[in-house]
Structure formats: C-alpha cells, structure tokens
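Worksheet: the structure to be examined is printed underneath.
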Amino acid sequence: MSQPTITQAADFAGETATYKVGVYGATGYTGQVLMSILAEHPNIQVLFATSESSKETEDGLALVPIADAPLADADAVFLCLPNGVSGGIAAQALEAGVRVVDLSADLRLDTPELYTKWYKMPHPAPQLLPTPYGLTEVNREALRGAKAIANPGCHVTATLLALYPLAKAHALTGDPVIADTKTGVSGAGKALKLDSLFVEVYGDVKPYNIGRVHRHVPEIEQMLKKLQPDVGPLVFAPHLVPVDVGLLATVYARMKPGWDMARVRAAYQEAYTNEPLVDLLPAGRAARFKDAARKNNAAIGLSEGAGDMLIITAAIDNLRKGAASQAVQNFNLMMGLPETAGLL
Amino acid sequence: MSQPTITQAADFAGETATYKVGVYGATGYTGQVLMSILAEHPNIQVLFATSESSKETEDGLALVPIADAPLADADAVFLCLPNGVSGGIAAQALEAGVRVVDLSADLRLDTPELYTKWYKMPHPAPQLLPTPYGLTEVNREALRGAKAIANPGCHVTATLLALYPLAKAHALTGDPVIADTKTGVSGAGKALKLDSLFVEVYGDVKPYNIGRVHRHVPEIEQMLKKLQPDVGPLVFAPHLVPVDVGLLATVYARMKPGWDMARVRAAYQEAYTNEPLVDLLPAGRAARFKDAARKNNAAIGLSEGAGDMLIITAAIDNLRKGAASQAVQNFNLMMGLPETAGLL
Amino acid sequence: MSQPTITQAADFAGETATYKVGVYGATGYTGQVLMSILAEHPNIQVLFATSESSKETEDGLALVPIADAPLADADAVFLCLPNGVSGGIAAQALEAGVRVVDLSADLRLDTPELYTKWYKMPHPAPQLLPTPYGLTEVNREALRGAKAIANPGCHVTATLLALYPLAKAHALTGDPVIADTKTGVSGAGKALKLDSLFVEVYGDVKPYNIGRVHRHVPEIEQMLKKLQPDVGPLVFAPHLVPVDVGLLATVYARMKPGWDMARVRAAYQEAYTNEPLVDLLPAGRAARFKDAARKNNAAIGLSEGAGDMLIITAAIDNLRKGAASQAVQNFNLMMGLPETAGLL
Amino acid sequence: MSQPTITQAADFAGETATYKVGVYGATGYTGQVLMSILAEHPNIQVLFATSESSKETEDGLALVPIADAPLADADAVFLCLPNGVSGGIAAQALEAGVRVVDLSADLRLDTPELYTKWYKMPHPAPQLLPTPYGLTEVNREALRGAKAIANPGCHVTATLLALYPLAKAHALTGDPVIADTKTGVSGAGKALKLDSLFVEVYGDVKPYNIGRVHRHVPEIEQMLKKLQPDVGPLVFAPHLVPVDVGLLATVYARMKPGWDMARVRAAYQEAYTNEPLVDLLPAGRAARFKDAARKNNAAIGLSEGAGDMLIITAAIDNLRKGAASQAVQNFNLMMGLPETAGLL
C-alpha cells in the first residue's frame, strides 16, 4: 500500500491526508451511492472504479473492467461485488498491501463452514476469516487500523443497532427475538429479476424468506451471541415495500427482570448519545423511513410493548448506513481519519 | 321493516328477494367501495345514500343529508359514519324496525365503560351493547338473522383471522401475541389531515400508536379472550405504508407443547377450507397485499418461526374484507341470503 | 373452426352461444388481464392458454407451450405474443379455420414494407395484410364477422379516440397534431429490462422515443389519413410515469375555420354518446387516469386551448381498452355477440 | 439594512461575508427546503424563521409568528408566504431597508391590474411593481444588487428556460406555443385539500386548469413577450403526477424558417453552456424528473418534432430550481456573492 502523501503529524487530525481508493462494482445501487459520497470526501481520491458492463458512470467518470483496475496503486478498495466474487478480490488486494472494505457477504461470517451452509458455495478466501465486522458502533475498536473490514448487511445493521444496548448488558431473555423488517426495493440490487419490476412491486407489501431461512439470520445471531451468549433465537421476517430506499426494523424483545423503560432508555442513551451517526429518538417517537432515508444516520425509537416486551424501531437508509456510508465510516476508522469525514 | 317484495317458493335460497337499503356516509373511502358492491348485489336496491357534504356521488347518484334520509322505508342500513355519531343512528334505525350493519367502532366493544375508556366519550347508545360482532368466520351463527351487527375494524379482521384457529383450539401460550400490521393509507379515511397528504406518506413507512395504545387493542383482545381465556397480552404495532389499499398482519404467536406445523396446518384447514372468503395459502407461501387487494377475500399464510413460535400472515383489502365486503357478507347472513351474494 | 353448439336463432341475441378460445401468451400483463376478462365472459370457454415459461397461471390453470396447443380445436385465438412471432401463429390459425384477434403489432400496418421499415424485420405473414384494424369505435363495420383483427396499440387507441370525431369531419388543419401521452409501466410488459425496474421508475417521469421515432407514429398516421387525407403530421411524445396501469393522451390539434367549441362538442357527442365503452366527459372536465384505470372504458375530455387549438384528453387503461378489453370487444363483433359481452 | 459584519480585503469575492436573513413561512414544503439550503450556505446566518402554526422546525430550530419576527435586524428576507400576504411583508421589509426575495406570486406580474385579474384580489403593495423578475439565467443583470426580487413559479421556470434561447433570438413563429407540464405533488403545498390526499393522487395522472386558465399563463407570457414581442399565444397544460418532487415541461414550439436542429442547438449552447445551474443534455436525450429532482440544477433536452416543430424538455426540482434554490441564487446576485454559493 502506498503511503498517504501528507504525513499524519503535518495535518490537522489527518484532515488533509488524501488516499487513493478503488471502487469495485461502481454502477450498482450501492456503488452509485458510494461514488457520490466519495466524490465529496475530503480525504479521498477515486483512483479507479470498475464495471463489467458500463464504460462510464452517469456523471461521465471512466469505468474499467476488474481485470484492468490498477489495484496495486490504491491505498484501499471498496468491494461492491457479488457474493463469491468479492472475497477473491479481497484476497488479491490484501496480498498487494491494499486495504479492503468489503460490502458483499463474503467476509461477514466467521467460518467458511457457516458461509458454505448459507451461501451454498465454497468460500472464495477462507484464509481471510474471521474478518473484523464493520458494525461500527458495536465493534469500533477492532476496526481502527484494520487491514480488511466486513461491512454488514442492511437488515443486520438496523436489527443489531436496535438490540445492541440490551445485548451488551445481557438484558435479553432466552425467548425468541423478533425482527420484522421493511425494506425499500434498492436492497435487491440492480439484477434483472421479475420480482424487482415496477409493476410487480407497486401496490404490494410482501414478506419474503421469513422465519429462519434468510441469510441475514446467521449474521445477526453471530454478533448477538458475542454480545450476549444466552440470547434467544432470532425470528426474522423481512418485508418488501414499494419505496426505493429506506429500511425499518421493528424489533420485539423480552427483557430480564429489573429492566423497565427508564433503565432501558438509560442504556440506549449511554450507547448512542455520543454516536455521531445514531439518533436516539425521544420517548414516544418510533423510527420511520423518513428519519433516515437519503441520510447517513440511523434513528432508533423505544416503545413499550406489554409486560417485559420492548419494541425497538430502527430506521436506516439501506444504501447508506446499511451499506455505503457505513463503509466510509469504517474506511475512516481504518485509515485513522475522523470517523465522520465525508458523512456529515 | 318492510318485507321483501318477492317471497315466492320459486326463489332459490332467497336469491330473487330484493331488499331496500340505506347507506349512511356514502362518500368516504369505505362508503364508495360499499356503494360499488351494492350496485352489483342481486338482492339489494339502494333506497338512499347520505352525505353531509356532497349532493351526488361520482357516478351521479343523488345523496341526501342524514336528516332527509327516509330511514323507516329501508329494510336495512349500512352505517359508515364517524364514531360517536353512528351509534345514535343505529339506535334510531332499530327503533324503526330497520336492521343495522354498523361499520363504525361504536358497537364493537361489549360495554359502554370499555368504549368510554378507549374512545374518550360517552357511548351514544349503550342500550345496544353487546351487539353481535361481525367477524363472519368466527361468529357466523350469532349473525344469522341478527337485528344489528358490529362490523370489525380492518387491522382486527386480519389479526383475528390469523389467530382464530389457534385460539379456538386453546393452542396459544400465555406469552405476548404480536401483530405487526402494515396498512394502506385509505384506512385513515378521507379526513383532511397533514399525515394523510401525499407528500407526507410518499417514500415513508411509519409505525404509529404501537404497543398497547391503539383502539384496536381492546377490540382484538375482547374476541381473543372469548376464544381462549388464558391467551397472552396483545402487542400491536400498526405501520402506515405508501399504498392506497391493502392490509397485512404479520402475527407472531407461541404455541403450547404438542403443536407442530402439521397440526397447525390441519387446524387452519379445518377452519378455512370451506370458507368462501378465506384463502389458506400453500405451505411456504406468506400472504402479501396482492393476494387480497381489490378483492373480497382474506389470504392466510403459515410460516415457521423458531421453536414454538409460529408466524401467521394475513392479507385483506382494508376497505373490503376489512370493511365493506365483510359488511355485505354480514348483511347477507342477517337477511338469510346466500352469504357471498354480491361478493363473488 | 367448429361451429357454435347453439345456433344463433335459438338463443337470445347470441347470449347463450359458447365459443372455445385459445390464448397465446397468457402470462404477460396483457395476457393476465385478458384471462381474467375471459373467465367472466358468458360466451367463452378457454380451451387452452400458452406460456413458454410457466406451467400454470397464478390461479392454477394449466398452461401449455405453443407447440402443444390444440389450435385447430378452437373457434378463435387471442395472440398476446411478441412482434414477429404473432403473425406466424395468426397465419397458422387462419389456415386451420380459426379466427384471430392479434394483440401484437404484426397485423396493424397495412403493408409489409411499412412493417419492415419500423420493426426492422421481414413481415412474418405478409399475405395477411391488410388486416381489419380493431379500433372498434372507428372501424366497427369492418370488424363484424372478420376472420382476423389487428388490435391497436395502447397509445394509439387513446390518441385516435381523441381525434376521431374531428378527423372524420375533416376538421383538422394541416398543422402538426401533437399527442403528449403518459403511460403506466405495464405498457412495457414483463420483459426484464433495467428501465422497468422499480427503483429506476420510482420518482421519475421520463419522455422516451419522442418526436416521430416511436413505432406508434405510423400506426396512428395510417388511420388518421384514412379518416382525413390532408391531416398534418403527428408529433408523438410518450412519457413513462410511475404508475402500474393507465394511459392518458393529451392531444393538441388545430381546427379549420368554423369549428368552435360548440360545434366540436356536437361532433364528439354524435360520435360517442351511444358508444358503450367511451365516456364523453362534461365541459370543463379533462380526462385523468382514474377515469379509466381498471375499467374497460375510455374517457374523453374537451378543453379550449388558444384560438383554433383544441386540447383533447383521452384516458384508457393501457391493458384494457388499450389491449385486452378492446380485443374482447372485437372478438364479440367478430362472432356476432353483443359487443360488450363480458365487459360491463 | 445592516452591513455585512466582515468586509476585509481578505475576502475572496465576498466569500466570507455573512448576512443575517429571515425566512417567512419556514414550515411549508418550499420553506423546509430553503431552510436546509440556508443551513449549508457559507455566507448566511438565519436570524429568524416564522410560522404561525409551529413553534420549532423538525430539526428543533425556534420559530416565531410573523408579528414577533425582528425584521429590521435582518439584511434580507425570503418570503414563502401565501399570495396576498407576502406583498405586504415585502413592503414592510423594504421600508425597513431589508432586501426581499419573494417566493409568492405577489411581485411577479408587472401591474396591479394584471394581478387583480388573475388573483381576484387587490394587489397588497402596488407601489412595488414592477419588481425585477428572478428568472436568473434570463434576467441576471437586473438582479445584481436589486432591493427586491420576484422569484418565478415552478412551471414558469421550466417553461421559460425551455424557450429562452429561441425567444431571445426571435426564432419562434406566431403559432401557439404549447407547454405540457408534469409536476410532483409538493407543488400544491401543505394545505389540507382533498386533492392532495395520498389516496386521491396515488395511481392517478391528472390534468388541471389546462388551456389558458392557470395563473402561470400571464407570468409566462409576460416574460416571453419581452423576449420576443411577436410570439404566439401560450397553451399551458399542467398535469399532476404521483411523485413528491420534480417538474417536467414538454414544450412544443414552431420555429421561423432558417432554424434547423443545428442552429437550435447552437443557440442553446450559447445560452447555457456557461450556466452553472442549467445542464444542456446531449442530442437525443430528453430531460426527465431524475435529471433534476433533489438537485439545484435544471436539465434541458432538445428533440426533433416534425418539420418546423421542436420539442424542448426541461426538468427541474419544483422546490429547488423552481423555488428555493433559485431564490438563493437570486439572493447571491442581490448581495454580490458568488452566484452558486450554497448551491453546488
């Protein structure tokens, strides 16, 4: 990896350092948002961006196929590639001394066995596992200076941010934890699938892969069990809604004795009051798409359920805090930049 | 009440009988759908329709103010009026010997005390309570020949249809039952509210009145406890989605030991296989808006959660099976007509 | 072609005749709507429906590949097939004595040369040209008893219905006639194209192929010039709007001296007052999607422009009066059935 | 008016000057967008913002009623007030030496008579007419240092930007000029009207006030005739589409002999190539909502019609280039700031 041209000591908190980055998969929905964030980032120069199908972006930036990308000249790369492809490029990058933020699922699960079970293929780079998991607010210290980071899925980000303060405090019971999520359609990506056609989605609200069959289940449970080993099983029910961007997790969780709303709120305040990209909403306000869509933050609301059951609502933009802006947040930590550079 | 004009032996199950009905509140969203169903109903002549603000419908039918409606000439009336107003008209109608299907909330709760607690006003006609509750599939026998019927709310219909086969079998545990519902915007009616403006709703998904604060909570629990007295508390979380019509309840419920998916499915098949307006979806298919929007039926799906937790999805059109078409179904029972007259 | 089992003389205006029909391409958006109309048609039995990709419809009806369809057993077929394929099947059907309503573009233009110019391929069945053109209200007499009918395109139907009374009266000047159309996304069909993805369409209004480059230009001008040979050139500007179904043509046309609004309205009244599937809106009311979406009718509004320029608005459902319901209307004429059988 | 607090020689083109501004009507859709732009503007300090109904913005900024606003302490005010109210405040501001950008219609027409004819009320401040008209690209020199500016309507901005290069060159014939516009719903504002309810708008495309009856007709013609006195009459047909923000004008205009597409393109290039907030699209590309929605620019496309008829497409964000961002652009000119300060 090349060195930043301006040394850390010479700048103000690293703000004038400039890193050369490459973006793999720049024309997908996540790639497009990532490119727009990077264009405004004060410390980033986009060295190259790849696409197998397009020669330039809508804004006229040149695109190259993966094979032609000058990987070794980059300080870091963002990978917005299909599962199974991304991991291989991550390995190449790391061998060349280039840092990696991987937005695919390839580096999210800790073992190749778990990956193969859920993704039905051999892991493309098992030697990279486990990779530090980029749920920034939960795992920040492991991300500072990391060589590679596995950026979380969008449903996962919302669900884990909703549960983190409770799980960290071991406040959850062993009962099932329910995440009923509603996602905008861009979460399905730009692949040409019947289910993504306008006419199919318009006017519909559709649950899909509900229960314990969605690939986000092991990703959520892996982190949840690290935080609280005796947590109950996850019941996960994603729903597709006719909106382009946005994601809301409505999470139902039961708490151990001694946890009332005041103690709950105190735990969330402790966890999130100083977080620059998490907004804890006032009592009585549930989170909604509009709290986070087209923004880089997450919004969290706390509502009483019944008895020991709490309802936590967490809204994010699935392409931003659920993908591209969290990737940049992680990149900033990786490089020692201010965590919100390019994001506020 | 006048008698049906044709009562010959030649009738097949009363199919040629014609009843004169009045529609109170014909220009709201529910009233409009109801009018369109009644126009095609083979046994109904719409004697009058009321509106305080319009003189005719979009189709050019004359509208009269409530004060001018020839109530006593009707065989039956449908009330699509505001809570607090509807009950008074219901009382007048019954005194005049006119049958009533009330689509407001006024007759849904069994006691005036419960009504006052949740609706913050005195009950307009406490002498009518309890009124037979018009969740047709659950309460059919009480509706045949009834003088008045309280038509259920839309979230309530979906949630109770989702839970009925389990509750009837006393299969639910005492744990909280969770209903995470998603509703189209027409559920909020035609009232001029900021929250109903296009720009406010577009692009948003918004939880509202979640937990145990929505007025549908006592309505759902009242029926649920009649079916299974030891059922757990309801946690109810409605969400507004940017669609005009449709409602989906995603219900999470735990079952007593001995209830596996096979037994669950058998219970739902027994309850719904012969129901003309409830479609039980095949294994693996969750219900979605498009299964029921602009249709008169409900669609029910069964999915595995985790362990003893089941996920039941129930889709209806909030203005049809959740309001107008269930009202007609109830009217048919009330009058001794084929239950689906005008609905298939 | 088999004969109707019940002779014309024996029934009431043909209402009890039953024809066996085949539907080619039953799973596209037009095919689906057509199937739903046919299911309610009192004189039609669907003998077979084809699909190359699916084995049954969403409602569980069996589908066969084209190669397995018992074409010769049908009285008539509806062709919802791709351009270039449809014409060949039409020829096979006619050879087998089976009548044809073709919803593709193959039979719409009068000569193979014009077809090749606009569709960039040889005509699949030049011997069938010219085929009677199924714009029902304009060409009704040519459709009664026809062996084959070319069903018009959706933009074409709206634009020509907007202009017909003027063109028939030779009231248009030689100035350009402008049709600015707005179409729902189902007009693009179920093909997997990036431009049809939800995220691409959502929030956008997009002109496409504007000017004189869209394939509907020659189709509109061919009929317009038959009605009024000295009509001016068409300027055609279709726009894609984020709605599933509906089509609105806003047409700007200049009239010869002597044509004021009163005379214009009289001409439209004469043309449309007795048309069962065309609604002439009252003065001051422009047509909108909601006048025709999910309905079988067209709605026409007349508005003053400036001086000799008139604005005509014409709304249809692109899948119904713009495709499937006009096809059934044409089928009814072809078979001597009441024109609106199955459509009211 | 107070002087900018910082006036050092060290300023680069005034970039570090700070002006105190007031925003009247900060909670409407335009006001909200304006507030968000001002918050990022390097030379603006928002001194106060008014609302008659709210005490703070969604972001927690304090709001005051108009009566309590410290008008005289401001350097300039933006007026997002109802027609008929705004003009009076403008007069008060100017008397107090405070500059005004008025986003209402009050100062747009040159004479009180014309205003009264179209707005059906006496003009609130006839002494202010005519006010420099803030269509920036067309009228820039009159705006530099102006005391008051009348900010144009959104349909007007798009239509006039579409026609400006031709009208300036006197290239238009005397035939009618047609502007068929499609607007997002936020253009109707936050007023509680049935026509703005989600359910009313959803799934619809609706022409309204078409012909020569919309209030934007005199506003467009006033400027058009200043540019080319012999221009033909405007035919203006706005359509409401189910989108929150965006506006597209599809303009059909005939050109005098000698104007072919090459000459047309050259005229638009001359007019717009150096404009920072107008994008001239390449040949063959028509403008669409997505070219301008949520952006501060306009996008202009040129397409061949037929013969001497040109089709110009112009897209803007109705709340930005059609309102708030053009207001800021005008403010910048008024104050001698870089024209795009706060807008790029």
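For this structure, a couple of remarks:
Should a chain be cited, it is by its letter among A, B, C and D, assigned in written order, with residues numbered from 1 in that chain.
Everything that follows uses one rule, which is that contacts are C-beta pairs under 8 Å (C-beta built on N, C-alpha and C of every residue); 3 or more make two chains touch, one makes a residue touch a chain.
Since the structure is predicted, the reported quantities are computational estimates derived from the model, not experimental observations.
Chain centres here are Cα means. That of subunit A falls 48 Å from that of subunit C.
Inter-chain centre distance (subunit A to subunit B, centres taken as mean C-alpha positions): 41 Å. Looking at subunit B, residues 203, 242-244 sit in touch with two or more other chains.
In terms of which chains touch, the assembly is arranged as a closed ring, every chain touching its two neighbours and no others. Checking each pair of chains for touch leaves A-B, A-C, B-D, C-D. Per the touch definition, subunit D reaches subunit B in the complex via residues 29, 185-186, 190, 192-194, 196-203, 242-244.
Chain contact summary for the complex, subunit A toward subunit B: residues 175-176, 178, 180, 182, 203-208, 210-212, 232-235, 237, 239, 241-244, 246, 248, 250, 252, 254, 286-290, 293, 301, 303-307, 309, 311, 313.
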